[in-house]
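There are two complexes below, and they share chain A, which is joined by chain B in the first and by chain C in the second.
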Partner chain A sequence: MSTYLQALLGGISTGAVYGLIALGLSLQFGVMKIINFAHGSFLMVAMYVTYYTCISLDLHPLLAAPIAAVALFFIGWACQRFFIDGIYRKESAREPIGVLIFTTGLWIFLDYFALALLGPDSRMIDSPWANEVVIMGDLIFTYPQVAGFVVAALVTTGLVAFMRYTALGRAIRATGQDREAASVLGIDSKRIYQLSFAIGLGVLGIAGALLLPMYPVNPFVGDIFGMRAFVIVVLGGIGSIAGAFWGGIIVGILESVGSQLIPVTYAEALIFLLFLGVMYFRPSGLFGVEKE
Partner chain B sequence: MMAVQDSKNRPLWGALILVVAIAPLFSGNQYLLSIAVMTLLYAYLALSWNVLGGIAGQLSLGHSAYFGIGAYASTWFFIHMGISPWIGMWIGAALAVVAAVIVGMSSLHLRGAYYALATLASAMVLKTLVENADDLLGGPRGMEVTLLRNAPWQFQYTSKEFYYVIALVFVALAVFINWRILRSRYGYYLAAVRNEQDAALALGVPTTRYKLYAAMISAAMTAIGGTFYAQFVLFVSPDKVFGANLGVVIAVVCIIGGRGTLWGPVLGALLLLPSEELARSFSGGMLGADMMLYGLLLMLVIWYEPRGLVTILQRWFGRSDRQRLTKQGATQ
Partner chain C sequence: MTTLKHFIARACLAGSIAALGAGAAHAADPVKIGYLIPLSGSAAASIGRDMSRATHLAVKHINESGGIKSLGGAQLQLLESDTRGDPKVALTETERLITREKVPVLLGAFQSGTTFPATAVAEKYSVPWVVDLAGKGEITERGFKYVFRPTQVPAAANAEGMADFVAYASKASGKPAKTVAMVYENTDWGQDMANTLRKKFKEQGVEIVLDEGYPPNSPDLRPLVLKIKGRKPDVVTVTSYSADAVQLHKLLAQMRVDAMGYIGSAGGQIDTGFLPQVGKQAAKGVFTTNGWAGYESTITTPFAKKFWDEFKGTYKVEPNELSVSAYGAVWVIKDALERAGKADPQAIRDALATTSIKDTDLTKLLGYDIVIDEKGQNPLKKFVVQQITEDGQYRTIWPENLASKTYKMVWPAAQY
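Showing the complex of A and B:
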């Protein structure tokens, strides 16, 4: 029994980090209706930033999180400001296919740029902290697991509050619901897009820092997590920030408990099947609102 | 190539295309020919995708599923039952149509990004199932096509020229199918669905049914491309023929060229495939440099013109946009 409980709780903690990865994607998706295929690659960048900050400044991985967040925030802002915005404007009438192709190009470019620059090796920070454990009865948790869950929950809560109670957060949500109506009310949609893309990547920076102690980084690490992030976003409901968090936890549980019950290779299919089921019966996602 | 539709230059352009198309056959360079074959294969796949993704405007990212079904079906029937892949490819196409109906029924009511992700997820489910079918399909290791050397009736030959000619015929047929659809009443319905689904529905176009037909045609064509690939490479594995990036690449080739146009898919393949090869040979052994250039090229083309190469060439050669739009229903 305790094996299952252990798997369940372990799944919840990794799932929370998955949720945090998906959160930025959900925000971009919800506000701009764009599919950002480079999301996984940005996660890879975040993990490398964390890795080299930790190594060169001899920092604790958790202290590197704010640095990674700030770095990714500016990368996201610049990316939206200089590239995506132009493409988005050229075809704003429909769903922006151009952005999807552009970010696919960016995804390939970033992955192979990292390969050319840093080589194919998987790297892990070797911090004694990452190997320490908390023991509660029969259950064992590593510090990174605990930290991952706590920080992910805090960041999600913070962002939900930001979106709900601040003027800026309300402006972001208004733009997501109806861009024209929002601009009539004097909201500068261009600025809102830059901000939401940047916030999305900033959060991803934190997620990268939380993930690194649990998972080694290599140039292609983003491929797995990026694909999973899409599943989570749709499960939780596109645009729903709390939904991304819960979606992440569901996927985390499915992965860890599922692999206790059936072969690991099938657990992956289970995630995608759940995804298809949700798409069929509830396209707005498990936690999404139907339509205001 | 842009003036293909222009009646007074038509014979000239037709002759030029023909010369360029058969030129690689006389080079005798096997390396060059294999690049040419892959370019034609991707042109064919992009044209197949175009029926659903371009003309009907449904952004499928899961065409790897149909490609894999075609590759696996013909190979399985060949090595286990001795059925020639020339027949097996039709079995593959039929299975792909069934798959398209199943995928379509659960996803065609979704719109835009949701549909794209649902197709991607469907392809992933299928890939996982194939990877786990160790006894039936060889699991993650895949299957090898029994080597027969020169056996044209078994879709095999040692020279690349054989495959080149077949690929060329496939592309010609795919262009013809696209042209027929674009010119037909059905094609105009699909364009209506793409441009304004609600309006089309209100005018009595059975949108979901028509989208499903487009998906079935597109899937069958893609599956036949899968059989071609299996016979050309003589090896299939889940990673190679069911991989998520394959489904994305097929869509990318078409969109870079110009989705919903007749020649866009061919142009996309002509640009992307050879430039990937070129980048590889000129990268000077720097790890990953070829793919970096490939990614840059994608970003550059889309950043310059989201509607793709067809529109870029139109602008450069100054053809009136309006004429083209009515003729070919270029995207939006």
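Showing the complex of A and C:
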């Protein structure tokens, strides 16, 4: 019994980090209607930033999280300002396919640039903190697991509140709902796009810092988590921030508890089965709002 | 005037002699070796890079020592090609190396998943292929005439080593292991290993309480480790590479699985990145098979010392089984070229088929002789078992004749 309880709680904590990874992707899609295929690669960048910050400043992985967040925020802002914006503007009359192709190129470029620059080795922080555990009866949780859940939940709550209760958050949502109408009301969509792309990556920076004590970083780590993030975004409802969080938790639980009941390889397939089921029966996602 | 004419005539003569000389040099054209190895695309790229370094070092050493003497001192030229760990890429690159670059011999490609299909292309074109490290049994079981595996034995021998060691440790310590949990990556290699382990453990009467493959490069292996813990095994066998092995061994320690022994299968556990990432605390006491007995037992000749020093000096990491095997495989090609006397696929193939290298500098470095049998396999390579010490050293503990004189096996391994 305790195995299943452990699996359930473990799944929730891992899932919360998955959700946090997917959060930025969902935000970007919700506002700009673009699919950012380089999302996984940006996670890889976030993990490297965390790694080198921790190593060079001899910093605690959690303290590196704000630094990674700020770094990724500016990377996101610059990326939108100097690259994506131009392409996006040219395609304002049609579906932004060019952006999709651009981010695919960026994904491959970033992965191989990291490979050339940093080499193929996996790297991980060997901090004593990462190996500490909380033991409650039969249940064991590592510190990074607990921190992952707590921080992911806080950041999500904070972002939901920001979107709901601040003027800027409302402007972002308005632009996502109807860009034309929003600009009539004096909202500068260009600025909103830069901001939402940057916020998306800033959150990803925190996710990268939470992930690094649990998973080693290498130039291709983004491929592993990027795919999962897409599944979660669709599952939770495209554009829904809370939905991404819950979607992450569902995937985490499915993976963790499912693995106890059936072979691990099938548990992986189970996630995609759910994904296909949701796509078919509820294309707007589990927590998405049906439009029109 | 005459002197000038004379001069011109002499100059012409000198020119033609020089041309003749060039013609002679032409006879010693470099010998191209097509080399396939994963250098990007997956976590296996870090191993691919380590092996590639050793391969390049071997080519350098051979060229510096005068190249292929029977070919007038011909130099070796490595045409390296990145498979990205992708069978499709391996297939097209093999085809390209053979048909476009006209290489007379191929080498590679570390992973079974790429080597197995790509060697079939070489066989089709009748170009010999020297397998460096791929362990899938069937590679030399297809009746192929052009595929040779001098520095690796099928995965079965590796798995047999693991199971035999469990029997040995049970007996030697008087604390027998009664149950085992087998976890392995769901790939050619992992399943091959698992098939043999399953059979051997059944024969030994060790009960298999968990028999589970997992998809490689999984984002989270915690559920798998939890499953292992639930079955309370005496022994856990871990057949994984790089990032997965790091995750698994860290989690086995963190989640207090408390088995008597964790036994790796010469995969991620002997990767140079394993110790720094897992940390000494969690790696302490971990067992792993190894296709190479390590510094103490094998670096005994100037030949071996040169390899060790230069590899370590250049790349700041110590050679391991993977790099030693890659290094050795090139010397096997060199040996075949010397005997073939020409850089022709058929001649090289015939020379490789009759390879018999016994008690030389090379075999002392590798720790085993090389005699190619009728299947193209060198059956003489044996696996040893090592344990990671408290201060992060790999010490050979089995078989007894190769065991370290200074280190005594800890069984059951210390609890965390």
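Definition applied: the second predicted complex is superposed on the first by the 291 of 292 C-alpha atoms of A that agree within 3 Å, B and C clash if a C-alpha of one lies under 4 Å from a C-alpha of the other, contacts with A are read in each partner's own complex, and residues count from 1 in each chain.
The definition used in the following text is that contacts are C-beta pairs under 8 Å (C-beta built on N, C-alpha and C of every residue); 3 or more make two chains touch, one makes a residue touch a chain.
What you see is a predicted model, and the numbers here were worked out from it, not measured in a lab.
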Partner chain in contact with A:265 - chain B first, chain C second, else both or neither: both
Partner chain(s) touched by A:169 [first = chain B, second = chain C, both, neither]: neither
First (chain B), second (chain C), both or neither touched by A:256: second
Which superposed partner A:66 touches (first chain B, second chain C, both, neither): neither
Partner chain(s) touched by A:102 [first = chain B, second = chain C, both, neither]: first
First (chain B), second (chain C), both or neither touched by A:119: both
Set intersection of chain A contacts, chain C complex versus chain B complex: 112, 115, 119-120, 219, 263, 265, 268
Touch list for chain A against partner chain C, complex: 3, 6-7, 10-11, 14, 18, 112, 115, 119-124, 126, 131, 133, 140, 142, 215-216, 218-221, 224-225, 228, 252, 255-260, 263-265, 267-268
Of all residues in chain C, those that touch chain A in their complex: 39-43, 45-46, 48-49, 186, 212-215, 217-220, 222-224, 226-227, 229-230, 242-243, 246-247, 250, 253-256, 273, 276-279, 281-282
Chain A - residues contacting chain B, complex: 29, 33-35, 37, 83, 86-87, 90-91, 93-98, 100-102, 104-113, 115-116, 119-120, 219, 227, 230-231, 234, 238, 263, 265-266, 268-269, 272-273, 275-276, 279-280, 283
Chain B residues touching chain A - in the complex, by the definition given at the top: 59, 106-107, 109-114, 116-118, 120-122, 124-125, 128-129, 131-132, 244, 248, 252, 255-256, 259, 286-289, 291-292, 294-300, 302-303, 305-307, 332
